[in-house]
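Submitted below is the structure of interest, expressed as structure tokens.
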Amino acid sequence: MFYHDKQLQYTVRVDTPNPHFARMLQQAIGGVEGEIRVMMQYLFQAWGSRGPTKYRDLLLETGTEEIAHIEMLATAVAMNLEGSPGALKEEAAKQNPMVAAVMGGMLPRHYLSAGMAALPENADGTPFNASHVYASGNIVADMYANVAAESTGRVLATRLYQMTDDPGMKDMLSFLIARDTMHQQQWLAVIEELGGYEGALPIPNSFPQAQEKRDVSYAFISTAVNDIEPPTGRWTSGPSLDGKGEFSVQRAKPMGQEPKLAPPIPEGFAQTEQMEGGLLGGVKNAVRNVRNELGGDD
Amino acid sequence: MFYHDKQLQYTVRVDTPNPHFARMLQQAIGGVEGEIRVMMQYLFQAWGSRGPTKYRDLLLETGTEEIAHIEMLATAVAMNLEGSPGALKEEAAKQNPMVAAVMGGMLPRHYLSAGMAALPENADGTPFNASHVYASGNIVADMYANVAAESTGRVLATRLYQMTDDPGMKDMLSFLIARDTMHQQQWLAVIEELGGYEGALPIPNSFPQAQEKRDVSYAFISTAVNDIEPPTGRWTSGPSLDGKGEFSVQRAKPMGQEPKLAPPIPEGFAQTEQMEGGLLGGVKNAVRNVRNELGGDD
Amino acid sequence: MFYHDKQLQYTVRVDTPNPHFARMLQQAIGGVEGEIRVMMQYLFQAWGSRGPTKYRDLLLETGTEEIAHIEMLATAVAMNLEGSPGALKEEAAKQNPMVAAVMGGMLPRHYLSAGMAALPENADGTPFNASHVYASGNIVADMYANVAAESTGRVLATRLYQMTDDPGMKDMLSFLIARDTMHQQQWLAVIEELGGYEGALPIPNSFPQAQEKRDVSYAFISTAVNDIEPPTGRWTSGPSLDGKGEFSVQRAKPMGQEPKLAPPIPEGFAQTEQMEGGLLGGVKNAVRNVRNELGGDD
Amino acid sequence: MFYHDKQLQYTVRVDTPNPHFARMLQQAIGGVEGEIRVMMQYLFQAWGSRGPTKYRDLLLETGTEEIAHIEMLATAVAMNLEGSPGALKEEAAKQNPMVAAVMGGMLPRHYLSAGMAALPENADGTPFNASHVYASGNIVADMYANVAAESTGRVLATRLYQMTDDPGMKDMLSFLIARDTMHQQQWLAVIEELGGYEGALPIPNSFPQAQEKRDVSYAFISTAVNDIEPPTGRWTSGPSLDGKGEFSVQRAKPMGQEPKLAPPIPEGFAQTEQMEGGLLGGVKNAVRNVRNELGGDD
Amino acid sequence: MFYHDKQLQYTVRVDTPNPHFARMLQQAIGGVEGEIRVMMQYLFQAWGSRGPTKYRDLLLETGTEEIAHIEMLATAVAMNLEGSPGALKEEAAKQNPMVAAVMGGMLPRHYLSAGMAALPENADGTPFNASHVYASGNIVADMYANVAAESTGRVLATRLYQMTDDPGMKDMLSFLIARDTMHQQQWLAVIEELGGYEGALPIPNSFPQAQEKRDVSYAFISTAVNDIEPPTGRWTSGPSLDGKGEFSVQRAKPMGQEPKLAPPIPEGFAQTEQMEGGLLGGVKNAVRNVRNELGGDD
Amino acid sequence: MFYHDKQLQYTVRVDTPNPHFARMLQQAIGGVEGEIRVMMQYLFQAWGSRGPTKYRDLLLETGTEEIAHIEMLATAVAMNLEGSPGALKEEAAKQNPMVAAVMGGMLPRHYLSAGMAALPENADGTPFNASHVYASGNIVADMYANVAAESTGRVLATRLYQMTDDPGMKDMLSFLIARDTMHQQQWLAVIEELGGYEGALPIPNSFPQAQEKRDVSYAFISTAVNDIEPPTGRWTSGPSLDGKGEFSVQRAKPMGQEPKLAPPIPEGFAQTEQMEGGLLGGVKNAVRNVRNELGGDD
């Protein structure tokens, strides 16, 4: 279960409120790279965790920390929506100040729906959708999903850092960026504990590889035409990273048939011309329509 | 640009059509772990690729292969929806055969919307949503997203393999599982080429670490109460995986303030009681309502 | 900021695992009447709270409790997905056990995507969408949204209680139902503190009523045709609940014009026939096409 | 069934077209606080209404009125997208007029997709999603959902009123605001008819309260740590609003167990290390991989 | 504006309630081929209609009729959810009747969320999404969208007709199928009035064809490899349907360049290795990291 | 299966990068009128195609071409996001260049999420949703859906053409507009091959018309009140377009009953007042509450 403290995990200070930056911060709250996603991802992984309990505990810890990050960002959004930003003052003299603010890059719903507060949405106003919560039940697959989330999350945070000159905002982001550094590390550390490349791959490592089509398990297949050379690299020759195969290159070629589906079932009400004996079907259809004209039942 | 062949990349054969398994296969088409997602993810990463061209080429190759995988699975769905599955025949004698089929676990829209063919949706009937296409512009972040996609994808394929006894379906899945093995390998191989843990981390490696709050960059922060011990592991002590720090443990404690937002702006039309000087506001509101009663303008 | 405890807020016990009931419980997790919604709704209302701080604190308290409710339900889902439910054993003898389970009413993604754990989705497999988080910045509007959420939430919980005979599940639900009772009470208590019907209505009470079209502010407008009598009740006569008007009844009649929009702008590329001087436009279009044939530029 | 009149319910007049305000009006059409939502909500509640018929009639009446409100707003959007707004003329001299208009805050799809007309979307371009239609089958729960919708709806309308200086738009909004006043009243009037707080609560009142965990039915549970005092108010002491209990305060503490889920089922293909006897599993896995190497079947 | 009648447009009678068929009917309410979609599509087209007013009137008429169709279907769903269907009685004797009903193919939310009434969702439980409302401002484009909607709508209705043996349901569907026949006709009739193929095509006909790349305006481009012959038909030779060109066949070949994007901008925080002079960048990065270690600012 | 070429289908050239136009181009990628939709629509129609194989081949050909169109547009977006657009330079001198660019109309996620590359989303930032892929299994219904898609697609492309003065962008769009011309033609050509109006209508033509309610199959039903005359046209008199009926006009009138649903089932937990014998129910409820007070079980 959960508890709260009224203080924030780290100071949130806005020196010059900027409604446009408030919009940008939304991406870190409700974007696919944002904090709602990782909070829910880590907690759902924890709540469904099976196997050694220490990983459940680890996920619960960091999932709980992420709630505090949403709180910091939501506070930062609300603070950036306050006051009368300098850049908009001149404009505001000429016209309705709300219009001026929105035209200055504000997210319309920050005013219309929230009365100057954060939303669980991204910077384009798309609400967070929980299908982004990955929790597969396979711990290494989930760890890679977590590393990916923290990587795009840190990239996003650095772009936000770049966009602002506000010392308070830069300070808050420097904290969040550092936490993303650690979170990348800790999920990779779990993979290392669980065997690294050689022990953990291919994921899932509990499915017997004898049951996969092993002649294409370590082959790079090139789909390029016109004698284009496939790109060479670590993936085209030498031992595979899991130590269980040798990389090779194959040209893509069809190994399967040209598919031929059965005619439509009558209950599907395709056009008559699609039915078996299409031409005959057309005639039959015409006959039926005549019968319909005459009032007959089919 | 793109070309096609009328033959499939690999044989698709269904020995005993099974409408319920058709539904399950949908997860591999339109689910978040499915092929539409990776197809679009690799192609969008390729089309936005900046930097060394060989990675663009690599992404284009594999993105193109994935289209063929969707084609195989869509064909498998259509074939599983054909004929009159044995398990349903007895039931069918008693009642409307379509009803029998649907009650046998079929996805309703396979009949109602598609007339017995595949849909770009998952096994629960949720349409694919392109927000799942990760293409951040940072190549290592994207590679981790690709490894995660291929990991959950291979887990899914092994579960589908487990659910079917159909030799044709098992054969098709053994091919797709093998390709997932290779795709996990090749994206990890790119990360290795680009420096591995030490060179590539933290992602993005182009943001100067001096600008992050370094005292929490390698610290595991525990949010547990009641003297619960934080989980120990590779992430709590020793050198960090990127070689740039030492892991440590901290107890979570508030470093920030209790947030205090400004009163609502009048244009936001909060309740009067929320305004500055709430009590006074209440009185003012009452006065205004009286004035309203008297027909005065505010 | 937030902390966690490894123990649950209330005991979760499943006497007889039932994958079908696991599916039903999903509605209480990721449905619009569910716990993810209220958790995020109360926390976002707290984080954007302006005005007296005690309401912010109240929202933060209950939002934090709701996280623990999601945790209980997610645990209950995972437990219901365990073991080999009695009702499915016979079936399992005949065929693949996974197929039997899914045909027994399981949500496909419980196995395919989560490996037997909860998802942030509803009972039909639709992911939670954060547009359901209401936080308007007007505290009384928000309180009514909260009462509505707890009301549909308690209705849902009683239906779930009705669906199960499992003593453990009934015990857990009796706890959640009791909490919904309290939460209905506490949000209504805030409205009472803030003036009840007479003080708080109409919401927002800070907008001067002199600016609304007062002749229809307390009038029930009936849209029925054919001499159907409008339904009478508390809303058709007598003083209004806010004490600021008298209820009356009006028959709907158009007070506005028949709308007549301007012709399309040329840059919109409507059909030529929609342009001003439609007939002339048609001729002009024909002429232009002839000119095009002759290779002239337009 | 339904009929229409070609005239509008109330006059829609735009004195100075403003494409930016057209965008803002979209929130009142397709936003969660908007008219599509209430139209569908009241009609679906009516169509599923069980019990006294007068409430079905009431819902049908107001649902029908709401269609006319969408019509007025859609007309207002189209009119605001006409002409050449003064504020953009100067800019238009320098560059492509369409670009100028869009940079002036227009919603891109107003031009690109609709050719200068309204969309069933909100002000940020998010399409209306019908999961927002609440119709639970419990009439009091639904009435509270309706009050909430009309409350956020009226808050939105007052914000739109505030944003415009156009006399025509202000006149139209003053009509819609007045209707929201009445609709708040009429749904609350239904609750009063059905027993008010004491008769109607807790919702649903048909579930026997003896079956809920009554020791927490009227208790405020505080999740705060560090000796923070819980917020006191109407909800912490005294009789409950439904007259069926006494408010009290409890400190949150775990009453449940630390959850311990069973190991993963083998068919879920978790990592081997998650299986029962994790270490042994690791060895078993290694052995199997060796066997795979040697071509053996598992 | 709009009015209603308490009677339905056509009789809705259910002889044998069938919760499974209630689920199937949802596709005709909230599916992409369903009535909510056409209702909103025709009304939004009407409300944004520019040009001859009779088309606006026509759209308003049929849009209004569609509301009555939703009402009929919603009533049919509620009726199918009533009583105790024969097929489930035996099962019900053994266990909880709600569970039996749901396992008999019911949509879980019909009970859990709606208390046995219709939802604005499809047969798989996906809520209606208003992005399916096509209203482009070009009347012929919109008419084709309307024909498409009525075509998939009639296909759906015939499949539903096929699935039921209930005489009341068959009667209701025979009415809706007939209306779909007419609606297909009437939208095609508008296209004929507006010039048919020769006058109306290509859509939009107000864009000067001289500005399109006319050498590919009537050419079928074949993307097939390996000497596969392109499919021949009405589209490969002879005059085009609009009488403005001649059909021909071309083999797909690249006419464009291999794209080469600029290196990433530094503010995008790609990996250093993606920057211009990748190798140099790597060195620079290493140097910077050393400087960071030494506490220098970048 | 599929292959690729590294060159584009047609040249993509951007003379003056314009981040605002990059945003507009997104509508042609991920909008409902865009290329992702038609690519997936044609390919899914091909993969589920039943009946004459030449239509499957045709769909496969054009579906493959559409992938190349997405590629062209994605490249165009990336190119428009490069460099330092002239219009923004002055502004950039005063402030943070990223802020300037975004305020210049850029889509926030182009920078924040993609690092200056295309997204699978529309111009308002809404991700593509695959429910827009129409593939009904009825070939003529699908062809009309395809004509509709190419019609709104060509309208969109002409609006984009109008918005830009960049010669490179105009050239690219003139190619795409020409392809839309052809695609409109080819889908209509299929309908003509399959019988045109008389042979193909009503869709599906395989459902016996004797089973529809033929007295309303060719009748225009007017829902207008107040003696408004229904709009007359090709659809109100004369032979129907399919040659199977005569158009007529009817005034809408109710042919059905006033619906009366059964009282709620007790398991649905409606309010007691909704139950059969509402008043009695109210009393019963009161009694039960008293019993609850006394601690009795219900």
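Think of it as A, B, C, D, E and F in the order they're written, each chain with its own count starting at 1.
Following the convention adopted for this analysis, contacts are C-beta pairs under 8 Å (C-beta built on N, C-alpha and C of every residue); 3 or more make two chains touch, one makes a residue touch a chain.
Small disclaimer: the values here were computed from a predicted structure and weren't measured.
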{"item": "If a chain touches chain B and chain C alike, it appears here", "value": "A, D, E, F"}
{"item": "C-E, B-C or E-F - pair sharing over half of the A-B contact pairs", "value": "E-F"}
{"item": "Angle, in degrees to the nearest 5, of the Cα rotation that carries chain C onto chain E", "value": "120"}
{"item": "Averaged-CA centre spacing for the pair chain F and chain B, given as whole angstrom", "value": "23"}
{"item": "Distance between chain centroids, defined by C-alpha means - chain C, chain D (Å)", "value": "5"}
{"item": "Residues within chain D bordering two or more other chains", "value": "1-9, 32-33, 47-48, 50, 57, 61, 64-65, 68, 75, 78, 98, 111, 113, 115-116, 121, 124-127, 129, 131, 136-138, 140, 152, 155, 158-159, 162, 203-204, 207, 209, 211, 223-225, 252, 254, 256, 259, 261-262, 264, 267-270"}
{"item": "Partner chain F, residues of chain E touching it in the complex", "value": "3, 5-12, 32-33, 54-55, 57-58, 61, 64-65, 68, 72, 75, 78-79, 82-83, 97-98, 111, 115-116, 126, 129, 131-132, 134, 136-138, 140-141, 144-145, 147-148, 151-152, 154-155, 158, 161, 174-175, 177-182, 184-186, 188-190, 192-193, 197, 201-204, 207, 209, 211-225, 230-235, 240-242, 247, 252, 254-259, 261-262, 264-265, 267-270"}
{"item": "Chain F contact footprint on chain C (complex, rising order)", "value": "155, 158-159, 162, 225, 267-269"}
{"item": "Interface residues, chain D side, partner chain A - complex", "value": "20-21, 23-24, 27, 31-33, 87, 104-105, 122-126, 152, 155-156, 159-160, 162-165, 223-226, 228, 252, 254, 256, 259-264, 266, 268-275, 278, 281-282, 285, 288-289, 291-293, 295-298"}
{"item": "Complex interface listing, chain E residues touching chain C", "value": "1-6, 47-53, 96, 98-99, 102-103, 107-109, 111-113, 115, 121, 124-127, 137-140, 194-195, 199-200, 203-211, 244"}
{"item": "Complex contact set, residues of chain E against chain D", "value": "1-9, 30, 36, 40, 43-44, 47-48, 50, 57, 60-61, 64-65, 67-68, 70-71, 74-75, 78, 113-121, 127-131, 133, 135-138"}
